[in-house]
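Next, two complexes with chain A in common: one pairs it with chain B, the other with chain C.
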Partner chain A sequence: MKRTIAYLSLLFILGALLYIANPNYGLKFGPGGSEWLALRYTDNYYITHGLKEVGGMNIVTDIVFDYRGYDTIGEATVLFTAIAGAIALLRPWRRDEA
Partner chain B sequence: MNGEAILPYLIIIPLFGAFSMPMVNLLGRKSREAWAVIISGATLAVGSAMFYSVWENRGIIVYTLGAKSPLGQANFPIRIVWEVDLFGALMVFMVTLVSFLAVLYSLGYMKHDTGLDKYYTLIIILELGMLGIAITGDLFNFYVFLEIMSIASYALVAFRNDTWEGIEAGIKYMFVGSIASAFILLGIALLYGQYGTLTMSYLALKLAESPSVTAKVALALFIAGLLFKSGASPVHMWLADAHPAAPSSISAMLSGLVIKIGGIYALARILFSIYGASISVKTVGWVIIIFACITLVIGNAMAVIQNDMKRLLAYSSVGQIGYILLGLGIGLAAYGSQTGEIAMAGAIYHTFNHALMKALLFLVAGAVIHQLGTRNLNELSGIAKTMPKTTFAFLIGAAAIIGMPPLNGFASKWLIYESSAIFNPILGAIAIIGTAFCTAAYVRVLYTFFGRPSESVMKAKDPEGTMLWPIILLVVAIIVMGLFPWQISEKIMIPAVKALENQLAYVSTVLGGA
Partner chain C sequence: MGLIVKTTARAIIPLIGIFGTYIVVHGHLTPGGGFQGGATIAGAGILFLVAFGLDEMKEQYNKSLYSALEGIGGLTFLGVAMLGMGVAFFYNTLWHNGPFFNGQPGTLLSAGYLPIMNLAVGLKVFTGLVSALTTIALYRRWKS
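And now, the complex of A and B:
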């Protein structure tokens, strides 16, 4: 019973996602021309001003380390946390040490 | 004081503390503990100064990372912004306060555990993640800090890796939590694909300009993911396993803070500040209200039948989340009216109060477990004789959570009762039923505590200073807050609601009045 409901709701979510994947009323794929400026204006800004404002030839690293560097600090913290957590959980058991 | 100048230290201090902990640990045990206390104490100082500054100025602090203005040479934000209104500042204060007390408590409570350098690193990172969520004004940045918070809490739930339940709860929490995070990330991806921006305030503007089906699907994904994170029924099962299995200092942080910052705060921020103008708030409000009513009844009713002390407290947390969600739901469904404002004020007030009360109750439970080595309520009869201070603290916490008049829980619950009764009497009745169950659960525990002392209880005694002081401080905070309920509500909670409902100010502060 539970499992049936779960599969049905998964199907529903998939249907909703497929519905909005239609470019006529949902997400546009590969926007070009005027759509590019309407939908990807932030990317356009990075591409036009990135070199002058940041100074790197690589737009991706310009964004990742300058415009959105704070997110990168966050990602580094996620990795640090994951390592700290994994080491913490894989340490020997208390009773083994005694 | 200038809030904008001290805001970065809210992130810098815990980040520095966490990353330097492995090195400080080389100096030995004492310095590691001192370092954790210093770092969380300094964060508390910054957090309370920030809260005071925001409260005094009644404004919204905007801080752009890497430039003077978020706009650059364009008319839309290109950089990450922090945006702190009174609601966010209140959450910052709550997080720093309870985290500091939890770190202090850990000094005594975690004494017999191994791997403590990792423990203190993770607890500071947990605090960092919650602070990042509370101050951010960027949607993807919110996700990054949600992940920091979640991953730290998965590891901390399973920290006692030699207990079967720790590992089991950790795995359960991790699977459920990762799926919930994935929902949120998918929602963010859909919004970015449709609107091309990640800044919350500019996104709000874009959403109001051109509503779309994509935005509604993204909203559904956000609500689903965040209800998971806040432990609302019917997806509360991870919470009932994770909170009892974690060390008590962590349970206090999970129950007091994580489910509220990662669930309630984020939900309120997304619904009010991003979607406020572009959706039918009434419909969304009723969706939240329905989940709130289920949560309210199931959480509190399940608390009554528990024999495990911490499991009882965990289910009670689910029940209290129900109250907060009820306030939030009515706040949305009656958006802009007096009733909605009171309900939302009650929700925010109860968020803060419940953080104090549930932290207190979990710390007390930790002290009891530390002394007696059992969480089974049937074996704990009569600890009032041998642990009088601890029992008194539990009495205060239990009375506050039920909502006894001289304590802080009364005012916040009253605001929620009042507004729900005005909004719809059936909801008021459901809220009262929830409280009846909640009272039954806590009276049952107190009845056990004041019973005839059993054999094992006789050699127990009150815990040592580092464990007792956080408990005392929380008791004092609850009693003092209980003395001025309406002043606090009038001076802090109502302005916080006004700041949250004023979406225009939230948007225009970033865009510079554009």
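And now, the complex of A and C:
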């Protein structure tokens, strides 16, 4: 019974997402021209000003390390925590060491 | 592993290492960067672990050294981010009025702190992934 409700709600969420992803009602795919400037003005700013403001040729690196460096710090922290957790959990039990 | 695998690994591990270092060093010029290059170099370490076995890896792998290097990578990242603290956190002061790393865009010594950050993140990802995989390989208790 519970499982049926779970599958039905999964189906409902999938239908809602498909409705949103329809270009006639929601998201636009591959915007160009004036749509590009209206929907992707942040990307346009990065592409236009990235080379002058940060100095790197690789715009992805410019964004990841300079414009949005806090995100990269968080990402590095997540990696650090994941590896610390994995190593801490996979140590041998105390009675096995001997 | 057998003789052929070991010989091939001996030839390929330096090539993977050089390629990964290239990705990390040219992170501000070509696609790639710290995370991708670090994962590539960690692939070389994992190939070493698989090809030569756990006993050989135990002799080469130093837990304290790798943990310390991972911490140093993260601290270098934070320290370089704090260089322009006079203006703001993550202010690229090396690029705007720094003594070095301020060359013409497109050359290797340009883009301010981006190369240093790429090196730090690459070191961090490499040591972290190698430590994690070695720890998993050392976990040899199939029952209880």
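Operating definition for what follows: the second predicted complex is superposed on the first by the 96 of 98 C-alpha atoms of A that agree within 3 Å, B and C clash if a C-alpha of one lies under 4 Å from a C-alpha of the other, contacts with A are read in each partner's own complex, and residues count from 1 in each chain.
Going forward, a contact is a pair of C-beta atoms (placed from the backbone, for glycine too) under 8 Å apart; a residue touches a chain by one contact, two chains touch by 3 or more.
Note that this is a predicted model, so its numbers are computed, not measured.
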Item to check | Touched partner set for A:Arg40, first chain B, second chain C, both or neither | outcome: first
Checklist entry - Who does A:Leu51 touch here: chain B (first), chain C (second), both, or neither? => result second
Next on the checklist: Which partner chains sit in contact with A:Met1 here, chain B, chain C, both or neither? Use first/second/both/neither.
Outcome noted: neither
Item to check | Per-residue touch tally on chain A - higher for chain B or for chain C | outcome: B
Checklist entry - In the superposed arrangement, does A:Gly69 touch chain B (first), chain C (second), both or neither? => result both
Next on the checklist: If we overlay the two complexes on their shared chain A, which of chain B and chain C does A:Val60 touch? Say first, second, both or neither.
Outcome noted: second
Next on the checklist: Per the contact definition in the header, classify A:Phe80: touching chain B only (first), chain C only (second), both, or neither.
Outcome noted: both
Checklist entry - Where on chain A do chain B and chain C both make contact? => result 66, 69-70, 73, 75, 77, 80, 82, 86-87, 90-92
Checklist entry - Contact residues on chain A for chain B in the complex? => result 16-17, 19-20, 25-28, 38-43, 45-46, 49, 53, 66-71, 73-75, 77-78, 80-82, 84-95, 97
Next on the checklist: With touch defined as at the start, can you tell me which chain C residues reach chain A in the complex?
Outcome noted: 27-33, 35, 70, 74, 77-78, 81, 89-90, 92, 95, 102, 105-106, 110-114, 117-118, 121, 124-125, 128-129, 131-132, 135-136, 138-139, 141
Checklist outcome for this item: Contacts from chain A onto chain C in the complex sit at residues 51, 54-58, 60-62, 64-66, 69-70, 72-73, 75-77, 79-80, 82-83, 86-87, 90-92, 96
Item to check | Touching residues (chain side chain B, partner chain A) in the complex | outcome: 15, 18-19, 65-66, 72-74, 76, 78-80, 112-115, 118-119, 121-122, 125, 128-129, 132, 140-141, 144-145, 147-148, 151-152, 154-156, 158-159, 161-162, 167, 170, 190, 193-198, 212-214, 217, 220
